[in-house]
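Going by the order they are written in, the chains are A, B, C, D and E; count residues from 1 in each one.
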Amino acid sequence: MSINAYLIVAGVIFCIGAFGVLIRKNLIIIFMSLELMFNAANLGLVAVSGYLNLIDGDIFVIFVMVVAAAEAAIALGIAVAFYREKGTVDIDKANELKL
Amino acid sequence: MDAKFIITWLIPLFPFAGWFLWGLFGKYFKGYSGYIASAFVVISFILSSILFFIVSYTHGFTTTLYPWIYAATFKVGVSADIDRLSVIMLVMVTGVSALVHIYSIGYMQDDKGFARYFSFLNLFVFSMIMLVIANNLLLLYVFWEAVGFCSYILIGFWYEKKSASDAGKKAFIVNRVGDFGFAIGVFLLFITTGTLNYETIFKMIPSIPTITVTIIALLLFAGAVGKSAQFPLHVWLPDAMEGPTPVSALIHAATMVTAGVYMIARFHVIFSYSQFASEVVLTIGTFTAFFAAFIALTQFDIKRIIAYSTISQLGYMFMAVGIGSYTAGMFHLISHAVFKGLLFLTAGSVMHGLAGELDLRKMGGLYSKMKTTAITFIVGGLALSGIPPFSGFFSKDAILADVYNKGFYFSWVIGEITALMTAFYIFRVIFIAFFGESNVDPKLHVHESPKIMTVPMIILASLALIIGFLGIPPFNTSVFYSFLHVDFKNAYNFAPFINNTPWYILSLISVLAGLLGIFTAYLLYIKKAINPETIKNVFKPIYTLSYNKVYIDEIYNFIIVKPVLSFSNFLWKIIDVSIIDGAVNGVASSFAFFSIKTKKIQNGMLMSYILTLTIGVVALLFYFFIR
Amino acid sequence: MDFFIKYLLSILIFFPLASVILLLFINKKNEGLLRNLATILSLIEFIFSVYLFIYFKPDTYKFQFVEKFNWITTFGASYFLGIDGVSLFLILLTTLLTFVSLISSYRYIKDHVKEFFILMLILETFMIGTFASLDVLLFYLFWEFMLIPMYFIIGMWGTGRRVYSAVKFVLYTLSGSLIMLFGLIYIFILHYDQTGYFTFNILRLYNTHIPLNLQILLFIALFLGFAIKIPVFPFHTWLPDAHTEAPTAGSVILAGVLLKFGVYGFFRFAMPLLPEATLILAPIIIIIGVIGVLYGALVSMVQKDLKRLVAFSSVSHMGFIMLGLFAMSAISVDGSILQLLNHGITTGALFLFVGMLYERAHTRQIADFGGIAKKAPILTTLFMISVLASIGLPGLNGFIGEFLILIGSFKHYMVLTIIATSGIIFAAVYLLWMFQRVMFQDITNPQMESFYDMNLREIITVLPLILLMFFIGFYPAPFLERIDPTVLHFLSIIGHHGYIHNLIKLKTGLSNA
Amino acid sequence: MEALFYVFSIIAVFSALMVITMKNPLTSALYLVLCFFAIAGFYVLLDMQFLAAMQVLVYAGAIMVLVVLVIMLLNLSKIKKIKTDLHQLFIAVIIFIILFAEIALYIINGSLKKPTGIYTHALINKIGNTQIIGEFLFTKYIFPFEVASILLLVAIIGAYLFAKKKY
Amino acid sequence: MLNISHIYNMNFLEKGMLSIMPEAVIIVFAFIVLFLTFFERLSKSNNPYYLSLISIGFSMLYILMLSGRTIDGFYGSIVFNEFSVFLFIGILFAGFLTILMSNNYINNFEVPLPEYYSLILFGVSSMMLLVSSNNLIMVFLSIEFMSITAYILTGYLKGNTRSTEAALKYFVLGTFASAFLIFGSVFIYAATGHLNLYNIHYFITSVANKGLINFGTIKIYLAIGLILFLVGLAFKMSLFPFHAWTPDAYDGAPTPITNFMATGIKIAAFAIFLRIYSLIYNFNIMDFNNILWLLAILSMTFGNIAAIMSSNIKRLLAYSSIAQAGYILIGIIGGGYYGYSGTLFYLFAYIFMTAGAFAIVVAFENFDLMSLDIKKYSGIGYKYPFVAAAMAFFLLSLAGIPVTSGFMGKFYVFSAAIKSRYDLLVLIALINSAFAAFYYIKIIVQMYMPDKEELIISSSNGVQRDRGSGGANLNKLNNDFGVVNGKINEGLMIAIFICLFFTLLMGIFPQIFINFAHNSINSLWSI
């Protein structure tokens, strides 16, 4: 399979993720969309790495996963804290800080 | 440090010191300041006389006090040029000043600003002396303005009176208008000749194109018009009568106003080189002489009448210098200084006696109450009317004769008519004020002035009687002519004599004109043969014109003052506040506007933040394509 | 003593700063001590500056009292001080006016006394520094920081719309100076491109060759900076506001010293650095200057506020100075420089008097005054002398400057000079009219009945200025003989490029009039 | 192989779309798991079985469990759905299309560098991908590895701080 | 095939350890501080605070010991050189000042202290790692590390809705941007086959040297990669239009943390951007300078315009920091030796002026949590002469008035940009900074020239005003204008003094700092 196809798939998933972030207002879903974006990048890295006969990209994927895990922890922490304060995870309710 | 140097610079030093002393320490001197100030001027007068003799028997000289402005190629020193012209002016200036000073001691006795008065009077004398002895245009210009300033401050001496301070201001500003021209003349002269020194300039005149010289001469003449109150800048002088009367006598009759004439005489080389300029001088002089006399006919303010007569007489002098008869002009200047100073002093004496009353209609029959004043006034009036053997006769006739003989008949006719009118209006004053029934407020205690005032008047009156004989006709053989003519030998003879009408014929015409004027006045005001009212009614438009001073003030007000003020208001309110400042503030408020608009981007909604970010990404990616 | 003379400029610059440190240790409550000490220190500063005059060699254009230390070697910036005939007098003016304005504030400044004196002394440091520095970066450093103390002085002790005025002042002049900074940096970089080393030494930067088109653009950049400071006609609107609302001392310094920086900037930087552009743009700038002369005069005429009137008169006077400077004849430039001093002295004095009037009457509206001459003869006399000096009456200082400017400019710019000369008529009109309405006539406002004359302190405040007016008027030689060599040298720097100018003229058919 | 790729692609894209369109977060989460599995499938296709395992363990296992836990904890599936702004949606669609078009254009027009590495599929299969990754991770990338551990620790602290009810 | 024995080579380990020594010290101390949590008594007092300060001191010592060397550690993941030294010192100062500010402030809230300080230390170490990382993995990892600490610290004030909201916004946006960053690195990797910055640099140089044509279609991958990578970095640098988090996060975060974000994160982001930009971007791939040009102008214009009307001082400083980012970027655009060293210089100056301003904001917030409204600053010039003067000085420095470091920094970067003939850019920047002066001056006006009428007006509708832009979640309304009396504690005073000292020193005698920056830049290029 050509490398471009992989990258296209990665691009599609990345864009879908970005789209999700743009349209959804549920914090959890936004977070999941972000995870989609990360995964798209991972897919790209692995594909490129495989194509170039290198390993560094694969290593990168591992670190992205680690970071994703860490972010998941933070994100859900924030979601819980936010939910406690506002009783919702609608990000439109995060409107206290504005000019 | 020769004697000449010392004498020359001592002359201005005394009045200068006087100004300084009374200005700073006037209140410690109390009444003595007047005496000491007068003494200072008298010393100046004596020194001037010494200088006069030195110059008469030797020759003129130049002396430099110190280098004044040395900027690059512009080098001017405080230096004096002493020749016959300047010494004669010096003697006249210091002499009249001394008398006026002495007179003022009495006149200003009870005034609060006694010291201030003498301080400025001394300053004026100093400035006038410097003006006369200056050897370069810059110095001349400086003291030209300085006398203008003294005039300003002395006219507005009684500053509480709005009219007085207005008049002072007006005098200064109108003078400035003239000086504006004068200054440009100086600039032009400097750039064409590269110097401001008289001698050098005069030497270079022939090498300058005539047109340039004409322009220069006209510009310098503009200054003279302002200073000597010629039409159209004469408006300040009548108003200047708000000042103390001795000031009018000294500044606005004898000395300062004649500075214009002196200046032209001084620059005879330039003026005579340009015939056109001289003709302009003649025309203005002729017109002003007539014009001012015309206005003087119907006025009731005694001082204003004399003021208009001054303007008129100055017109004669300009006629003289306009036709190249500089000596005649100077002669009339000297004699006029004496008799006009006299007239003013006597008028002051009348005022003194009447507690400041100036309106002719409230006088009458004063002859019996103040004999000295009346007699001296009549002497002055006769001199002004040109009745022999008073000085006015000799000097005015010298001018009119020259005018006629040089072929300026029109000017001559006007001159004669003016002479008639002059005699009429001054005797109108004499007859109304000193004779006939008294209209004086009965509560007033009319009294003769003290000795300290009358003595200078008497001296001047005698001078008015004597001085004319220096110029016994025919004028170009007289003492005065032979003394002064030497200084004008460099003048270009642009207006040669074309007639040789004997002097006595012309004099006769003048005397007749004068007598006719006196007689008319006699008929009208003593005999009451004709009721003045009827004449007034017959010549209603002309009378109104004359009575309202030809509406010159109103015209100026309408075409200059008001437009300038409203234009200024426009500049300030519209251009400055609305447009320029508005633009500046507009920039600020537009920033505030945009700042508020940024709230749309920074609205606190996470969604829109993400949107902004993504749009940024899209735009950046897009940039690669469009590049 | 040797040391003292050698580092005199540095001492002059940092002495006020040291004084500030001294003042910092004095208790805020002890206002009397603060006032006296600050005044005495500024007097000492002035006396120091007189040494500058004494040890200045008049017959050379070379910079004197030169001090040079490395500062930022990377940029070739150095602590490079030196004065010539022009900056000498401007420094003297600065020290004198600071002293004068400090005494004048004894009664005017009632609160925050300590801050006021500290700020004034800081301001002095920076003003002197600006005049003394020959290094562009150093100059700019002093130049721009100067705004800040002034801003505080206007904003904290001003009247009426003081905050608006202060902010306007700062922002307006700051905008100008930042654009100017652009020009200066550009020249600095161009010099680097040509020679391969960085330097901010102004004497070296003079040798930069800049293509003509660029010169014109850069000149416009520098022009904006300096013109706003002066201020030249369309950029003047900060001035009336700032002058009007500032406290007396602020107005005095603002008019007396700060306005001079613009002209000084042109003289020291814009014109010698960009000589060809100067030659080409001079007619335009002169036109602007002449418009300023008339505009300032006409607008002054209808002002109702005394201070605003004097402020607009500054616009008019600065127009004259611009005319003289850009006419670029030796005489007119001499005149301009002298007129700089004169304007500082005269307008400074005028503001002092207006301040005294305000202190007594608590109003600045001309209509509220009248008849003061009767109550306060000394005030009247001295005020009148200042007014007359401002009008340009001969015998006083203003005349010499104006006359030299006009006579020097006349040759090349005849029509414009004539128009400018008419400004002297208007000057007489608005100032005398103002004077009449304020001092003469009869008292109409009952408040003026309690008007009192000047006290000794106030007389001492204005006396130096009045004496200088007479001195310069009667004997300007000591000033001119020091200014003259500098000016001639300045013109030779520009004239060096004269032949190029002639070429340009041939090509473009530009004429000078 | 190709067929598998298409299958995985379709699953991945479809489930990704589902993730962002489902109203119930729980459904979204399940689709996300599906997506992760599809991506793991890709990894297998690319001979990175270790990564595929990691993908399933870390993402589908750990992270998604956490997400689901939170959804359950907050009872999010029950609360009324959060409306999507139509206006916002419109702009988002446009932006999405442009962004996608741009990225796709870049990908299609561009090309990768020529393969230069030594770790061909054959070699990887010979040595074993886990071993190679291990070698790299503990030699060349030892330091990032250490940093990652600290990062995780910090994340733990953070999660603990955020989730705690009160200090 | 790798040689496993490398790992056991002492030289290798030693080198590696040396290269991370300064970070390691901080991390170790961070752990120690964290352990204090276990001891109730220790954690309540000021111990974590002092320990943190000490750790920074130790780290500084190590840096001084190591400075002058170039150490390439852990297979090129980390490089320690003069460039890092310069920025380490900056970051350590930022951390030091943040810690100094935190002491009193954080005690106002019921929050655990050891975690707080250890997170700051972790943050500091992550920034240092970021600055010295030399590998895209390391870059990504450190950025995430840094971000995560920042998210946690931003939301540290539990129960404070503003704080949580700030963390939320920051997190979502930050992660979103990180996704772009990593997606970008995919393409960079695809185009070059390397993750090591130097290797990428060599690769691009070798291709570029062969001529433009050799880029071929790789260029497209490189371009998209670099653009997306730039987005991720620009987010951290808060450049418009990736700035959106800045005002909200700055506003909601505890003020010391705001300072930490404004100084530490910003300079770390700029430093790594500088490094990456000079290594990778600055080639003929695409005119990135034009992009940056646009970003710089937009950032400063937006920042300045938005700041004009904001009345909350933290927001105002946030907008100002966006604008400042624009100015700093000018140095990078200007490029070359002077541009880069100018950027470093500006960054260093920026730390102190911003930190100084925040220190004073913290000082007043300590007295009165509602004091964030600028109106509350009215008259403090007289109540607190020294502090207010210092504030004025910092604001002037931010505005770029001479005698301050702000001016020297601006001058430096502007000169460099003009040297590269970015005339219009500099002109716009200068005009911008003229207008920017307005809002800095606005604060000074409040401090020194309070308008009495304005006070009355604002007190009547103070309720609405405070809800919109007030400080913490205190809803008590303080009608007494001006900040209430109080004593500023020593830590803050020290912080203010340090900032004042450096701001002044860099403004008057910048030469030492310039030399320092030059050395750093030299080391950046002597690979």
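Note that in this section a contact is a pair of C-beta atoms (placed from the backbone, for glycine too) under 8 Å apart; a residue touches a chain by one contact, two chains touch by 3 or more.
Being a predicted model, the structure only gives us computed values, none of them experimental.
Q: Both subunit A and subunit B are touched by which chains?
A: Correct list: D, E.
Q: Which chain is most remote from subunit D in terms of Cα centres?
A: B
Q: When contacts are scored as defined above, which chain pair ends up with more C-beta pairs, D-E or B-C?
A: Between B-C and D-E, contacts are more numerous in B-C.
Q: Please list the single chain whose C-alpha centre lies closest to the global protein C-alpha centre.
A: That would be C.
Q: Roughly how far is subunit A from subunit C, centre to centre by C-alpha average, rounded to an integer in Å?
A: Between these chains, centre-to-centre, one finds 64 Å.
Q: Report the inter-chain centroid distance for subunit B and subunit E in whole angstrom, where each centroid is the mean of the CA atoms.
A: Using C-alpha averages as centres, the distance is 78 Å.
Q: Please report how many Å separate the Cα centroid of subunit A from that of subunit E, as a whole number.
A: Computed value for the inter-centroid distance: 25 Å.
Q: Could you put a whole-Å number on the gap between the CA centroids of subunit C and subunit E?
A: Result: the chain centres lie 42 Å from each other.
Q: Any chance you could list the residues of subunit C touching two or more other chains?
A: If we look for residues of subunit C contacting two or more partner chains, we find 171.
Q: Subunit A: which residues touch two or more other chains?
A: In subunit A, 3, 7, 14, 17-18, 21-22, 25, 31, 48-49, 51-52, 54, 56, 59, 63, 67, 70-71, 74, 78, 81, 91-92, 94, 96-99 touch at least two other chains.
Q: At which residue positions does subunit D touch at least two other chains?
A: 85, 88, 92, 95, 99, 103, 106-107, 112-113, 116-118, 136, 140-141, 144, 148, 151, 154-155, 158, 161-162
Q: If we use the touch criterion from the header, which chain pairs count as touching?
A: A-B, A-D, A-E, B-C, B-D, B-E, C-E, D-E
Q: Mind pulling up the subunit E residues that touch subunit C in the complex?
A: So the residues of subunit E in touch with subunit C come to 382, 385, 396, 400-403, 407, 411, 414-415, 418-419, 423, 426-427, 430-431, 433-435, 437-438, 441-442, 444-445, 448-449, 451, 509-511, 514-515, 518.
Q: Flag every residue of subunit B that touches subunit D in the complex, lowest number first.
A: Those in contact with subunit D are residues 607, 611, 614-615, 617-618, 621-622, 624-625.
Q: Which residues of subunit B touch subunit A once you look at their complex with the stated criterion?
A: 598-599, 602-607, 610-611, 614
Q: Quick check on the complex: what are the subunit D residues that touch subunit E?
A: Going through subunit D, the ones touching subunit E are 103, 106-107, 109-113, 116-118, 135-136, 138-144, 147-148, 150-151, 154-155, 157-158, 161-162, 164, 166-167.
Q: Name, in rising order, each residue of subunit E that touches subunit D in their complex.
A: 1-2, 4, 6-7, 16, 20, 27, 34, 73-75, 77-78, 110-112, 115, 118-119, 122, 129, 135, 137-138, 141-142, 144-145, 148-149, 151-152, 155-156, 158-159, 167, 187, 190-193, 203, 216-221, 223-224
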